[in-house]
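The structure's right below; bear with me while I get my questions together.
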């Protein structure tokens, strides 16, 4: 599973461009920075008020006043800045974040995502998911292709509550890469060793296949 | 006229309480700080982004980056802070200014003020007048009782465009002090040597007279 | 000149049962833990808290919840405290869930005299249901209301004696905006300094927003 | 890494006729006079400027007006430049007048993705006429629209090479908020420093808002 996560994260890293302002969700997205090409530097924004998130600190370097949106200790890079939450979400909602990379529970044939409400649980948290969805210039979903129970996460219509009316731009799983267009999902890349048939079998969402 | 201005400003100064956050308009209001009692310190807010306006600088101390809302050079006192215009007007409109002292062209029987549109001129400026009117906790008008042409400025209904639907709290002229209530204007104080008859003659607005 | 520096006991004694209280912090970071402990000690009840989170079991605001002092919580993410879920299921806490960006924008609106605003966040979702909507340039927006409070309990790093505040790293979060939106603002700081010791260009919260300053004692440690 | 440091000629060459341009400054304080001079030299026409003032005769934005480059001005106070009045009367300039607080809040809304907001300012006045109104808690509010621009020309004191900005005293004014609301943000600064030289807690405009940095030459003096 660690391999799969890194496989997805490495593919997502190739979507980033030098200088991008990037907001990373919890889980697979946080691994993306470990896979950046040498000629690509990005700036990490975290919605709790820091532009310039650095790597996790060593055990002796933990600063309790310096965490990311997952409430984990981080460091700050040279040239970073701190700001309050109102400013941070003005950045997000005002379209100043180039790329948001998020996990998801489901993505459907239209590109709508469900990633905030866990099935069977009382809804008691939404956090910044809706704001990132409506605000980021480009939204990339990174997720395992199937649930732990072996159910497809790419579905025809989300059965879980959607996060926003905004469609995501790209979906990256351990099996394939999909682009979202006005006409629906386009499978644009199979991961190494994966066949189209396998993707078809494990995907409920409609998609078209575009050979590169 | 200088005497009259200082007379009005001195009376307005007595309305201020120790620790008040005060925004001063151009003209008579700027003189108010010269008349503060010894036991009253106030903090001056200027809408172009400074809390803690100090006196005018000496000729050698002028800093071109340090002006008040009248675009005149000022100084900063110890403990002051600078902020952007959006923050400054959030302070004003959010009710964080204790007292605004403004000039006016007219005030009417209901306490509505006209102070932004000059008669006979194209309307090309409003500045922060409307924001201060709706936002300040207490609004005090300081003005000469009559226009230069000898017309009353306290009128029944403003003939000039009003600045806001919010009524001012107090009006101080060289003749009298009026309080604004839900029932209209109340003359609560005659300036030294002024008679009620003189005020009646020079005032078109309806008012009641309350002997202290 | 007014003296704003008081003990935690004095500051919290200005509160009352049934108050609406904004509480700063993201998780435990930048949370006014000393002030919260004093609210626990003084025991005010039926409080409505406006806070991004409600602590974690046994920590922060969750202590007030577990002591039966909270009636309602408005925030964006309570999932990390499973006690919140238990109280909601038991009918002992009502919850208003808002996207985090909407949450903080509503507080800013409350502090800035804005009567309401339109945002795309939550439009077309479960959380947006029942909200007034409006199409603007082909996109759906929901109308959101300002949030204000009787009290804001916030955490800063340093205050000068006038009440100017600076924060530390990501402990800033919701504290500055909450300082703008409550009738009475009580701040807990690591250190109080003389006016002039804070850089006038770097003050985040000007003193006009602050009513009471409480210095954390050494026994309070650093959280 | 992208290089944002360019000459004034290069920065202003990204502009075009008919552009909507925010210009920072209050009077001449904090106004990007070097950038404005370069717009004059490059001669773009039919510009809409969003600026609190339109300079004074012979100064700042008034030079563009007098050179026939401005089509429209949106701001709060043009009275101090009588040339504006002459151009309006002659039908050569259209003007949209807004209370200063509404002006800056509309820019903030544009930069923060807010679709519109309600304010009491101008409600019931000549300036509020024709605006959609709404009664909220017994008070009349008007609906105001966000303002955005193709370009923002702003003035800061220091930039680091990444584009983080700090301002100086009351020259800050509209500059930080305009930096949030334009597609392309060009800043004129006194000095460019290395990343890390500006205090991370005191940066007012984080670099994500800034596209081009122009350092004022010594010949530009200090205005």
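Order as written gives the chain letters A, B, C and D; numbering starts at 1 within each chain.
The rule is simple: a contact is a pair of C-beta atoms (placed from the backbone, for glycine too) under 8 Å apart; a residue touches a chain by one contact, two chains touch by 3 or more.
This structure is a prediction, so every number in the text was calculated from the model and none was measured.
Hopping across touching chains, the smallest step count from chain A to chain B is 2. Separating the CA-averaged centres of chain A and chain C is a span of 29 Å. Chain C and chain D have Cα centroids lying 33 Å from one another. One inter-chain figure worth recording: chain B and chain C are separated by 35 Å, centre to centre, where each centre is the mean of the chain's CA atoms. Contacts with at least two other chains are made by residues 76, 82-83, 89-90, 93, 134-135 of chain B. Shared contact sites, meaning residues of chain C that touch two or more other chains, fall at 105, 108, 112-114, 119-120, 139, 167-169, 201. The touch graph of these protein chains has some other shape, matching none of line, ring, star or complete. Pairwise, the chains that make contact are A-C, A-D, B-C, B-D, C-D. If you check the complex, the residues on chain B that touch chain C are 18-19, 21, 41, 43, 45, 51-52, 76, 78-83, 89-91, 93-97, 134-135. Every residue of chain D that touches chain B in the complex is listed here, in rising order: 26-30, 52, 76-80, 84-85, 88-89, 95, 97-102, 104-105, 107-108, 119-127, 139-140, 167-177, 204, 222-223. By the touch criterion given at the top, residues 105, 109, 112-120, 134, 136-137, 139, 141, 166-169, 199, 201-202 of chain C touch chain D in their complex. Against chain D, the residues of chain B that register as touching in their complex are 46-50, 63-67, 71, 76, 82-86, 88-90, 92-93, 117, 121-131, 134-135, 161-166.
Taken together, the chain D residues at the contact with chain A in this complex read 1-2, 108, 110-114, 160, 162, 164, 180-181, 195-196, 200-201, 203, 206-209.
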